[in-house]
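Both complexes shown next keep subunit A, but they swap its partner, so subunit B is in the first and subunit C is in the second.
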Partner chain A sequence: MRLDPSILARIQFAFTVSFHIVFPTMSIGLASFLAVIEALWLKTKDSIYLEIYKFWLSIFAMGFGVGVVTGIVLSFEFGLGFARFAEIAGPAIGPMIALEVLTAFFLEAGFLGIMMFGLHRVGPKLHFIATCMVAVGTLISASWILSANSWMQTPAGVAIHGDHLTVLNWRDVIVNPSWPYRLPHMISAAYLTASFMVAGVGAWYLLRGIHQGFARRTVALGTAFATVLIAGQVFIGDILYGTMLKYQPPKMQAAEGFWEEKSQSPAPYYWFIIPDQPNQRNRLELGMPYLGSIWLTHSLRGRVEGLKNTPRDRQPRMAMVFYAFRIMYGLAILMFGIGVASLWLRFRGRLFASRWFLWTLVFMTPSGIIATLAGWYVAETGRQPWVIYGILRTVDAVSPVPARALLSTLIGFICVYSVFFSAFLIFTLRIIRLGPAEAPPHAEASGSLKNAFRPQVLDSPARVVSTQSS
Partner chain B sequence: MNSKKDLSHFAGLAGTTLLGAFFFFLIIGVFGLRFAITGVLAFIVGALAICHRFPAGGTEP
Partner chain C sequence: MDLPLLSASFLAFALTMYAILDGFDLGVGILLLFQPVAASRDHMVDCITPTWDGNETWIIMAGVTLLAAFPTAYSILLPAFYLPVILMLLALGFRGVSFEFRVQTTRLRRRWDIAFGIGSLVAALMQGLILGGVVQGVTVQNGRFAGSVLDIVRPLPIISGVTLGIGYAVLGAGWLNLKANSPVQHFAKRCVRICSPAFTVLFGIACLYAARIQPFIRAKWGSHEIALTCLIAAFAAVAGTLTVLTEKLRASVLFFLGLSVFAVGISGIALIIFPDIVPCSVSLWDAASSSTSQCFVLIGAAFVTPVVLGYSAFAYWIFRGKTPEEGWGE
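What follows is the complex of A and B.
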């Protein structure tokens, strides 16, 4: 069997980046969640918030660690698997990746130590600043990475001279046409991920009848955050849809499952298709009448443009884009429904009493991660056959390396990442099984810089408690 | 008595579902961008008001 290096390079990058994105998504969401929780603790002095903070801090820290390690691999892969891409796109992408490390990663890494180990050393207020810095760092990081990726989706601010690319306007490169919509979409997705994780774990404790105080507070907070966020997410998603329809029509044509240049009127909304790409038709299609016209054209009888509007050699694979989009959108609808249901149950005073709702929350715990992954699959597979849309095709971006080398490193990545993933899952499940520890009544330092360097705050909880009691 | 309670529960559930579906269509821009912005703001303000007015309480599962 002959192995195609371009396919192997793509599979390898798809595998490593899919694995990686799970962890930053959790980190971005949990970092801001922790900042909110610590602010609530400082404001109310309610120890349950400290308990919530400590519990989720351990999971956040593990996710952050795996995210950093798997993220470093990606920058090497640009050069190893996609050398032509690195050579051509380097002048635009390179500085953004470097700035991500300088402005975001250093900020996060610098304050992470204080966030994890500094509560008794620097006092609550300085510790809160450290948590906020880590949260801000994750947002800046997301901003640079989204800018780089969005530039690949909607390149701007550059000129092509033969095999070379010159940046003409950095502002246009960074604030490229899709970035202002993709950034809030991703950040909102990360916040939703954290909200459903937090609510899901709380719901599990409620169903088992343990850690009631912790569970009630996290379910209440998680569902409230999720309800507010999902409304914004659906709105931003719709705006992004319109933007991508303008800049990358083939992606959205593939996402809707229509082939003909103009669909029938009224257009159905397909939930299931078996596409036949070589013959440019669907073998089977199941959809809801009228819904396609209503959703996609905002009219009762509007027609939807199909993939035949794009030349065959520039078409993405419909099946991947269609199903990734359906998974993302289906989960968004489910999240919206859960948000509305949580409001109804809250109104009736049955948010913690309704078992079907709590079980739904438990099953929805990983929903944010799955939806985010599906969204990235839409973005990346829908951009094919281009790696930089309209400028460089993926097959032309691959390094001239033997297929054997790519296959062996791919197997290596799968083995090493399986260990990472298993370790992360085992430790996370262990933390969840153990439950939140009782928060000790400590850390009452003033939070001033002066106190931060005093020896008495560099102390154990017991000593702080004894100082207070005396 | 029980069937009356069930009926009111079902009516509440159906009303909530319809209201949720209406807001969803509103937010995704079916009625235009201006209505979508109004819809998303109304939903968020409404959700915050309910969360504030009815801080989660109630019986155990």
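What follows is the complex of A and C.
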């Protein structure tokens, strides 16, 4: 069998980037969640918030660690697998990622140590600032990297002469047409991810009848955040859909599963298709009548544009885009339903008692992660065959590295990442099983920057820690 | 203004920061393999836990600066060092997750410590291998890498891999001597006494061997005779002091001398490679991206780097003094 380097390079990048994005999605969400929790703790002095903080901090720390080490891989992988892409796109995306490192990575890394180990050294107020800095760092990081990726989706602000790309206007590159919608879409996806994780773990404790105080607070907070966020997310998603339809029609044509230039009228909304890409048709299609016209054209009998509007050599693979989109969309509808149900149950005072609802929350714990991954698959597979839309094709971007080297490193990545993932899962489940440690009933000594300057803070960490944990 | 030269200076700055800061983290990791006492291993890891993440970030800074300012060099060097770069990334991965995972388990902590140590060791070896590979030279045709990914398995890269691993161990031992309590401190001093002469000798061998196989290094010797002689004298003086006076020097001076050895070594290598970025084939100016890209990075770096250095120093200062015996708590 002859191995194709371009396929192997793509599989390797897809695997490593998919694995990576799971962790920043959690980190972005959990960092802001932790900042909110610590603010509530400082305001109310209720020790339950400290308990919630410490519990989720330990999971956040592990996820952050895996996110960091798998993220470093990506900053080199542009050159490892896709040297031509790096050479051409480097002048545009390189500086943005450089600024991401300067303004976000260092900020997160610098304050993470204080966030994790510094509470007794710097006191609660300065510690809260450290938590906020880490949370802000994750948001700045998301902003730059979404800018870089959105530029690959909707490139703007550059001129190309042969192999050389020159940036004409940085504002156009950074604020490219899809970025203003993709950034809030990703951030609310990350927040939804954290909300469902937090609510799911709390629901599990309620069902088991343990850690009631912790569980009630986290289920209440998690479902409240999720309800607000999913309403916003549906709205942002709709605007983004319109933007992508304008700038990348093939992606949205593939996402809806129609082939003909104009679909039948009224158009159904497909939930299941078996696409036959070579013959440009579906072997099987199942959908709800009228719904396609109503959702996609906002009219009762409107026709939807199909993938045949795009020349064959510029079409993405329909199956990938269609199903990734269905998974994301299906989960969003479920989340919306849960949001509505939680409002109703809250109104009736049965939020912590309704077992079917709590079980649903438990099953929805990883829903945000899955929906986010699916969303990225829509974005990335739907952009194919381009790596920079309309400028550089993916097959032309590959490095001069032999297929055998690519295959062996791909296997290496799969083995190593499996170890990371298993360990993360085992330890996270163990933390959840052990449950939150009771926080001390008395409030912490009021700390301030001055406290950090006092020598006794340094001399007696052991005593402070042992009295806190006893 | 010569923008590529400024960008190259920033790149060299980021690489130097990485080598000395993550150098001592990796060194502590390597020494973990030689520490039989479990409690001492915990203490050693505690010495670097609060600040390692920021140290590691400098390698991303260096990699991304190369991508932004010298995309041609980035697209030649990464395929050329495909295997060592990926091995380094996987090794850094093991090292990084071990910080988080080892504290989650007492039964399997020994295994995560081994992963930590081997991860650190392999990362150091691969970084040395890449450095040796750069000095050895990369086959380039029409601005693309045209050699084999296995060109790296030659004597010079291997010697420089081992040299860098031992050099990092010297830095790690210097840091432990500064931050750790007495049993680990004795261990650290012993490591300095063993590793620092080994590092000096190996570095000398690597330099001589590089000069033998690379005519351009001999040519550089002719044109930069005085500067290179001074650097060699400085290297010998600092490394000698480090070896002979290990017991007598204050911990902070000892650590500072370790950093100085690295700074001198890096300056020498930079002097030899300059003004190329891929030796003998691509100069800084040929590899540079357009001035708009260079400006964007440089202006950003000029404003943000001082702030980064400020709060990084603050984080070090928060965790100043000896590492508490029972760890950082929480």
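Just so it is clear, the second predicted complex is superposed on the first by the 447 of 470 C-alpha atoms of A that agree within 3 Å, B and C clash if a C-alpha of one lies under 4 Å from a C-alpha of the other, contacts with A are read in each partner's own complex, and residues count from 1 in each chain.
In this section, a residue touches a chain if its C-beta (ideal position, glycine included) is under 8 Å from a C-beta of that chain, and two chains touch if they have at least 3 such contacts.
Predicted model only: the values in this text are computed from it and were never measured.
By the touch criterion defined above, A:A220 lies against subunit B but remains apart from subunit C after alignment on the C-alpha atoms of chain A. Judged by the touch definition given at the top, the superposed model places A:G339 against subunit B, while subunit C stays out of reach. When the two complexes are overlaid on their common chain A, residue A:G209 makes contact with subunit B while staying clear of subunit C.
Judged by the touch definition given at the top, the superposed model places A:A98 against subunit C, while subunit B stays out of reach. Shared-chain residue A:E87: touches subunit C; no touch with subunit B.
By the touch criterion stated above, A:V68 is placed in contact with subunit C alone, subunit B being left untouched.
Contacts of A:R350 after superposition: subunit B is touched, whereas subunit C is not reached. When subunit A is checked against subunit B and against subunit C, the one touching more of its residues turns out to be C. By the touch criterion stated above, A:E285 is placed in contact with neither subunit B nor subunit C. Touched by subunit B in one complex and by subunit C in the other is not one residue of subunit A. Those residues of subunit A lying in contact with subunit B across their complex are 206-207, 209, 212, 216, 219-220, 223-224, 227-228, 231-232, 234-235, 237-238, 242, 294-295, 298, 333, 336-337, 339-341, 343-344, 346-355, 358.
The touching residues of subunit A, when paired with subunit C in their complex, are 54, 57, 61-62, 65-66, 68-73, 75-76, 78-80, 83-84, 86-95, 97-103, 105-114, 116-122, 164-168, 170, 399-402, 405, 409, 412-413, 416, 420, 423-424, 427, 430-431, 452, 458, 461-462, 464-465, 468-469.
Against subunit A, in their complex, subunit C makes its touches with residues 49-51, 53-54, 56-57, 59-61, 63-65, 67-69, 71-72, 74-79, 82-83, 85-86, 89-90, 92-97, 99-101, 104-105, 144-146, 149, 289-290, 292-293, 296-297, 300-301, 304-305, 308, 311-312, 314-315, 318-321, 324-326, 328-330. The residues of subunit B lying in touch with subunit A in their complex are 12-13, 16-17, 19-20, 23-25, 27-32, 36-37, 39-40, 43-44, 46-48, 50-51, 54-61.
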